[in-house]
Amino acid sequence: MSAARRPRLRAPVFEVGLKGYVYGAEAVRLARAADRLGREHGVTVIFDPQAVDIAAVARATVDLLVFAQHMDPVPVGRGVGSVLPEALREAGAVGTLLNHSERRMTLGDISRAITRAHEVGLATLVFADAPEEAAAIAQLGPDIVLAEPPELIATSRSAGAEMRGFVERSIELVRRIDPEIIVMCGAGIATPDDVTQVMALGVGGTGSSSGILKAADPVAMMGAMLAATSHAWTEMQAPGAALSRGPKQ
Amino acid sequence: MSAARRPRLRAPVFEVGLKGYVYGAEAVRLARAADRLGREHGVTVIFDPQAVDIAAVARATVDLLVFAQHMDPVPVGRGVGSVLPEALREAGAVGTLLNHSERRMTLGDISRAITRAHEVGLATLVFADAPEEAAAIAQLGPDIVLAEPPELIATSRSAGAEMRGFVERSIELVRRIDPEIIVMCGAGIATPDDVTQVMALGVGGTGSSSGILKAADPVAMMGAMLAATSHAWTEMQAPGAALSRGPKQ
Amino acid sequence: MSAARRPRLRAPVFEVGLKGYVYGAEAVRLARAADRLGREHGVTVIFDPQAVDIAAVARATVDLLVFAQHMDPVPVGRGVGSVLPEALREAGAVGTLLNHSERRMTLGDISRAITRAHEVGLATLVFADAPEEAAAIAQLGPDIVLAEPPELIATSRSAGAEMRGFVERSIELVRRIDPEIIVMCGAGIATPDDVTQVMALGVGGTGSSSGILKAADPVAMMGAMLAATSHAWTEMQAPGAALSRGPKQ
Amino acid sequence: MSAARRPRLRAPVFEVGLKGYVYGAEAVRLARAADRLGREHGVTVIFDPQAVDIAAVARATVDLLVFAQHMDPVPVGRGVGSVLPEALREAGAVGTLLNHSERRMTLGDISRAITRAHEVGLATLVFADAPEEAAAIAQLGPDIVLAEPPELIATSRSAGAEMRGFVERSIELVRRIDPEIIVMCGAGIATPDDVTQVMALGVGGTGSSSGILKAADPVAMMGAMLAATSHAWTEMQAPGAALSRGPKQ
């Protein structure tokens, strides 16, 4: 099968991770805001609702990249409870997360899921929790690798302050394998300042989940984080500043 | 929390298991047909599409019981890639399968998932592959236990012919624990005759997946199987014939 | 196959859970002490080292019941990395833990593992974390069910003080299904007083892991806990006191 | 912690995979034969019994490299049913298999297990089922990568005949990342001819499980396969022939 066309991802990227915090009508409301804010700030927004909400979110938005939270490397056929690539695509998803720290996958399943996703035209954002894992994943041809130091996930400690070495090594190892892969870094992003700090390390994007969803005003927080992403990205693009940007634009 | 109201299930029940065979517009088309055929034959139809298709199937149908293929016993909050009970309910599902042979769960997760499902108003159909497992599950308070001899799953050998002892023992053990639980039996149901044979063993319902979805005309096959279910059920209700019927009607 | 003879378990029982705290020569030294102390106090001691240490522990002891920490329901043949029942038996194990909170199993695997264990002459101690799960497990025919409230596992809060209802309900549900099954209760046993309190709830035994292994003097702590077990058991056997004792003696 | 010394592996290597076919006294008998035959033919033999048999096999042999079938990336402490690196080492193992097709691991666990193994002085043989997976694993620093086309595992079709491209690509990708890593290839090795064919593709070793253990005379089959390994290796070492040999000797 020749691979279907999947969306071309363009840095800077910001992932809004819904997990199981928000669903249904509230997820759609947040998605519309994310869609608008992404356009305003010139940031590519990846938004990943519960699977049951993908179709509604996709219908309600224009530029938002609707991703599944997980996908299984299964063919059409058996597989009760699995998430079928073709079904995601038809429902309006344009990509999928893989190997998130709350949904680890075997190496073989990550490899096959990337292949299956690309076959049906879904982009892939694969999580790693060490620079060497980011390099391992880069060998499998994903669109984005998101490296998160596991000790910071779902905390609200500023990731940027603690992880310069972690991020720089992730970027270096992945770029050596394939400079087209966008390297993102997350974990512990709770404020716009956290975004600024992590973006300054040279990544192509970042993201937040509880930092947005547990904020007093999630839409305002999302707006402030997207503004910080855009601003930090522009700074990094100044001559001599850039590190990992993924595909040339 | 006081438990939300969940649908009261009434035998005979027939489960149309979509697995990953059919999705999107084709799943909706099949759902509409199942909805109509269930009414025509007086059979309760459980229909379980891919999670991404639940909302569309629920909107397109009236009496069909739309079930998820799997649900996780998670609370609102973290859990990337999990299937959140509240999200299923808001999308229009009225129940969920649990512990299917293609998606086995730990004992603790089955127990907690039944509790969580009932909290939010979702009915539960739990799979077992031995009479003793059916009894173990019955201790956890599900609405339906579906016992399948594993050697027959996804074959097309007539289940009814080979499993009288298996089914009768499942019914007896479950009824002793809670006669309100409906006992179903599946595995290997490929023709209307298979339906007739397994229903004659005294179960409250049966189901099919590849038997319908790989048939030359799935809707026609579904109609013939539902007719067989209805007919066999009526026969069993004759004085002195009945075994497991679940809740009194 | 007719089932091989497995050890007849006699209450009171105390489980010394080695987990990965202690191994090799140190595990053998502790096993010898446990063997001697069990005899001195008239308590059946279940001792479960790392699989690699089972043979050495079995050779070094006389009355100690050497259990595996886990066993897989596999037949002789394939299964890289699995723990084969026949291999455990030949190495000197007389039983196995199943479904510990750090090694959860699917319902089907628990069921098949109990069957396989009994086929080769291994006793089974199966963990549950709710009274209903204990009842579910009782349907599968284990020798012992050990119920642990998950919020207390590996804490040092006295289990006895917080869990009267939990334990009494577990005993009642299991006894109704099969009074020969011994009901144990653990979790959070850190001192001899904890042992006394939980035994007073009527269980047939208890156990400890980090409470012993992280004590300043593990052998002294084990001795004091076994003394408390023996004493509490004798108290409970006074006319009118008893609850769950497993097989009549 | 500075890493403990682990055995230096020298090609050609032959892995005798015991799985759950053979255990106890029979495993020890086979180990003694493998130890002697390895010396006779100048082949490094990796022998992986059930965990309970590791100590006995290590005591009974001299040059044989006794590997565990699986190891968990856990620290000393909790982890019921896990295989602790330190316990393996003290029992006499000098290495471990990881990620076998019958015991898949998450990417993160493979990465952490390699690190933990090397910390305690255990060598690592990691399985892959595609050339890209072999490359991903190579990023994590194992001693050996063994690539197996999954469609051939546990068959008796000659691997060599069907998989030239698969093997050559695995060797090329791994060598580019780290030429010190030995690349092996297995799956479907049922006869000495199969050994010859797969070794001729340039790998540093191969192995067999059911091909030996289900042979009429396992020791004779092992001898013939080791002879074939040695002979093929010598041929490949002729000027201009070599591909992947692992560490220079």
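Here the chain labels run A, B, C and D in written order, and each chain numbers its own residues starting at 1.
Heads up, the rule we're going with is that a contact is a pair of C-beta atoms (placed from the backbone, for glycine too) under 8 Å apart; a residue touches a chain by one contact, two chains touch by 3 or more.
What you are looking at is a predicted structure, and each value in this text was computed from that prediction instead of being measured.
**Student:** Could you put a whole-Å number on the gap between the CA centroids of chain A and chain B?
**Tutor:** 36
**Student:** Just how far, in Å, is the C-alpha centre of chain D from the one of chain B?
**Tutor:** Taking the average C-alpha coordinate of chain B and of chain D, the gap between them is 45 Å.
**Student:** Hey, what residues on chain A touch two or more of the other chains?
**Tutor:** Answer for chain A, listing residues that touch two or more other chains: there are none.
**Student:** Building nodes from the protein chains and edges from chain pairs that touch, which of line, ring, star, complete or other describes the result?
**Tutor:** The chain contacts form a single closed ring, each chain touching exactly two others.
**Student:** Using the touch rule from the top of the page, what pairs of chains touch, sorted by label?
**Tutor:** In this structure, the chains touch in these pairs: A-B, A-D, B-C, C-D.
**Student:** Can you name the residues of chain C that touch chain B in the complex?
**Tutor:** 99, 104-111, 128-130, 132-133, 135-141, 173
**Student:** Within the complex, which stretch of chain C touches chain D?
**Tutor:** 17, 19-21, 23-25, 48, 50-56, 68-70, 74-84, 86-88, 90-91, 93, 97, 100-103, 154, 210
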